[in-house]
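Next come two complexes built around subunit A: one with subunit B, the other with subunit C.
Take a look at the complex of A and B:
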């Protein structure tokens, strides 16, 4: 098990190197001088030059890159050009806010999607099935910010039930969570439906019927757990999408999360913050995917042998007496 | 109480899909006495599994339909029972062992739980008692009872089949339907499993329908034999009658198709021609095209069942007054 975790964490190295390389390359091609950006238009050229020297912007890009990676290894993501604060300490509280919204969104999307998927599998080829398909396709194809604006119109402007922006109260979380969540419903519905249909036609379902088991228990005890395996696997992927969607929506809803932080930093050419934000999200995603994969073991006992012992065979059990 | 455990009469089962109607079982009639073992043999696609699923009430929903007939278990017509009543029958009074043990067990449940499930469904007992029964059953089929906590993927194919048998026998059913219980296993394991099944069947006096391709197995285990062809029972009778005195041309051809040690393997007789397509059966004898005993009148009639000797029924024109001489 430990070997497996270490192996997976080692994957972080190419991810960090790659993500930061991309952003460094973008940085060299973007016009404008970050030093000028920080000091404002009133600063003299000498002041700007001094700042450039201080920030190390005069060094070759490759030197800057190596220096940056060296910092990351020590947990130093640089300082924000705008505030001078360490990027890490600016991001951590925002990360918590984003995490709440993302987790809420994944929960809403997964619960709704799984329920709808089960429903359409049990009622396959009926009008219920088609209706579920249409609804979930609708939420998948309409852009999230459009859904967001419509929900703001209804719940904030017309009904005055929920705030349009900000997260001063807990209510502020609801609309962003729902918007991001709805966009992933279709994907969960589709995966649940097809995996449920596949599982329901398995021989062991017939075995359960041959025991005299009720249809309800067959769905719940025999089919669901098997059908959830691909669904759980898709949570990792959906999480990435939810974070991406969340970034845009944080700006729409004025939520001070990592997404808004990165978007704001991009407009300010605040490279350390952009880079730090992107890297931290990549690291968090990798770790979450690892946790998701390990948790499969809880659902599917067959994986225990492959994951825990890192691929080698499980110890041989006592042979049958015959 | 009648001495028959099962009476199937005039049973017709169709599969109706969008494209076609498959006439899988066409008007079959047979009876099984208490404690007896009946062999149900026939080529692939003959309708053996369909017959078994019909008896179990497990035909695929929407597609499989019983068109007519009756299936009486100790005099009660199963076809008239509600889904709820059928659930009480399945697993308790009739159990079935399916063709493929590899896929018959739920991969995410321990084998102990899977045996205990059927015990809990049909007995008033606690989970702990059911698990204890599960361990007894494992021991009975020759698996170390402590392994009840293991998952199906930790067992070999032969052991999985033993577990499937343990599930089927856990509630001591009156009737066991075994659908090719050993075809998916290799030859040495086949013999072990069959020995075990025969012993359990004898000990408990269970009545059994054994579906198989293997006439050797039938000869060893069965008291009566039903030969199926294209959804019909072409011959039914006691093992001695059917084996020593086969009446139907298909049964005779089948015997010639078994490789035998004392015969020259080179002369292995393969029945020429293809099995009739059950979605497009002729209005006359469905074995006509492949029969080497047919006469010119065979095309005019769908043969009906004739009792040639007491308890020995054959569906062939030869044994009716319509027959006008073979061309052997």
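Take a look at the complex of A and C:
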């Protein structure tokens, strides 16, 4: 187990190297001079040259890359071109805001999705099942920002209940959370439904029925608990999507989170911030996925084989056939 | 036992007599039969066909040019002359949405094809060869996947600039890991089959093996992913255009039309409502169809 955790943590190294390499490559192809951008159009050529030298932009890309990685190892993610502040200290407070929204969204999406999934599994092949399918598919088909606009129209413009932008009050968190959450309902519903259907056809469910358990008891105590494992495992993947969706919605709602920070940095061509933001999100996501995987091995030791051996090795032929 | 002659039997016999050739039972035909029985999937298919027709005949359907500006009729409410109203430049929103179908469907198609030929191919190679090749490709994909898809796409657009080829490239790169993973899984499902082993034994070449034996047997699952990704790319494209890192004005892309209208949400909601409906209807149709395909090609998943 410890070996596995260490191995997974070591995987962070290629991810950090890879993610920063991707963005460094993108950066070198970008037209425009960052030094000119910092100083503005009024600066003289000498000032721009001096700034280029100061930022180390005249060095070969590979040197810049190695220097950057050296900084990252020491916790230095570079300085924002726009404010001159260290990227890390700009991102950390925003990370907390984004984390709140993402966690709230995952909770909303998971609760709604699991309830709908149970409902459609219990009423399989009836109109209830079809209705649930249509509802969850509806939210999968609407862009998050459209849901956001509609909710702003209803709750901010018409009813004046919730603020349209900003998170000065707790109420400001509600709309962004709901919007991000709704988009993931479909995925939870689908997984819950198929997992429930599978579990409900198991022998131990038939045994439970045979010994006279009530249907409610069977659903909640025997089926649901076993059916939740794949659902809970999918939370890790959904977190990534929630963070991506959050980027767009933070911009729509004017929430000062990491997503809006990165979007703003992209439009301002503020590369240290884009790079830092991307790296920090990649690291956070990788660690969350590791924690999710490890906690499932602790909860259900049967998963040890699938998670620990399945994740790192290519499946053998025999396994693929099975 | 004497032959029965009930009315039902006669009907069946008549029906059989009408069939000239014996009943086909290829996997594709079986899938189509299952698809045909699924009403929601058929609705999805019908809407997709209508959208394709709208895209093809856009110049005939749209009453105005999509970029014709008319300063005498700016920000008009929906009326007989302007079905969906007009925007701040006096452009007819109905015409822009109709032309938008053309842009959105075509771009989504390009994105999906590009993603299949890059990520999909990598996945097929990884799945077929296995071992070291598989490990290397999938580890690289893991690195790509560490960045959320839409963020990756936005970074690429920021570098390449706003435009259709740039957007296609961005969505292609961003979706590579997902595509690779899906196609690898599809290939792995047929990888261990007996007929693959037999073909290997009689010395079928690797290229022929992939093209002639594995892809045709995995194609059903690949089509499911293909249709599903059409919806995903329309959503990504419009989200990116909406926050300003996608296509550039005056392209009549739905996300951009929405972006034009967002400042007037309170007094002119029709400016955002109609393009939003177009996105919704399109993605909904693709998702319905994709779901029907899933049931049709892979009944075990149901």
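FYI, the second predicted complex is superposed on the first by the 297 of 322 C-alpha atoms of A that agree within 3 Å, B and C clash if a C-alpha of one lies under 4 Å from a C-alpha of the other, contacts with A are read in each partner's own complex, and residues count from 1 in each chain.
Heads up, the rule we're going with is that a contact is a pair of C-beta atoms (placed from the backbone, for glycine too) under 8 Å apart; a residue touches a chain by one contact, two chains touch by 3 or more.
Note that the structure is a prediction, hence the values are computed from the model and not measured.
Asks: In the overlay, work out which of subunit B or subunit C sits against more residues of subunit A.
Replies: C
Asks: Can A:48 be said to touch subunit B (first), subunit C (second), both, or neither?
Replies: After superposing on A, A:48 lies clear of both subunit B and subunit C.
Asks: Just subunit B (first), just subunit C (second), both, or neither: which does A:262 touch?
Replies: Touch status of A:262: second partner only.
Asks: Give one of first, second, both or neither to describe whether A:30 is in contact with subunit B, with subunit C, with both, or with none.
Replies: Only subunit C is touched by A:30; subunit B is not.
Asks: Tell me which partner A:110 touches in the superposition: subunit B (first), subunit C (second), both or neither.
Replies: neither
Asks: Does subunit B (first) or subunit C (second) touch A:212, or do both, or does neither?
Replies: First partner only, subunit B.
Asks: If we overlay the two complexes on their shared chain A, which of subunit B and subunit C does A:178 touch? Say first, second, both or neither.
Replies: A:178 contacts neither subunit B nor subunit C.
Asks: Which partner chains sit in contact with A:203 here, subunit B, subunit C, both or neither? Use first/second/both/neither.
Replies: First partner only, subunit B.
Asks: Quick one: is A:226 in contact with subunit B, with subunit C, with both, or with neither? Answer first, second, both or neither.
Replies: Only subunit B; A:226 stays clear of subunit C.
Asks: Same subunit A residues contacting subunit B and subunit C, which ones?
Replies: 314, 317-322
Asks: Please give the residue numbers of subunit A that touch subunit B in the complex, ascending.
Replies: Listed in rising order, the residues are 202-204, 206-214, 222, 225-226, 299-302, 314, 317-322.
Asks: Please output the residues of subunit B touching subunit A within their complex, sorted ascending.
Replies: Its residues touching subunit A are 56, 58, 86-92, 95-96, 98, 100, 103-109, 114, 117-118, 121-122, 142-144, 146-147, 150-151, 153-154, 159, 162, 164, 167-168, 192.
Asks: What residues of subunit A sit close enough to touch subunit C in their complex?
Replies: Residues of subunit A touching subunit C: 11, 14-15, 18-19, 22-23, 26-27, 29-31, 130, 133-134, 137-138, 140-146, 149-150, 152-153, 157, 194, 240-241, 243-245, 247-248, 251-252, 262-263, 266-267, 269, 274, 278, 281-282, 285-286, 313-315, 317-322.
Asks: Give every residue of subunit C touching subunit A within the complex, in rising order.
Replies: 40, 126, 130-131, 134-135, 138-140, 142-151, 154-156, 158-161, 188-189, 191-193, 231, 235, 238-239, 242-245, 255, 258, 262, 265-266, 269, 272, 276, 279-280, 283-284, 286-288, 291, 301
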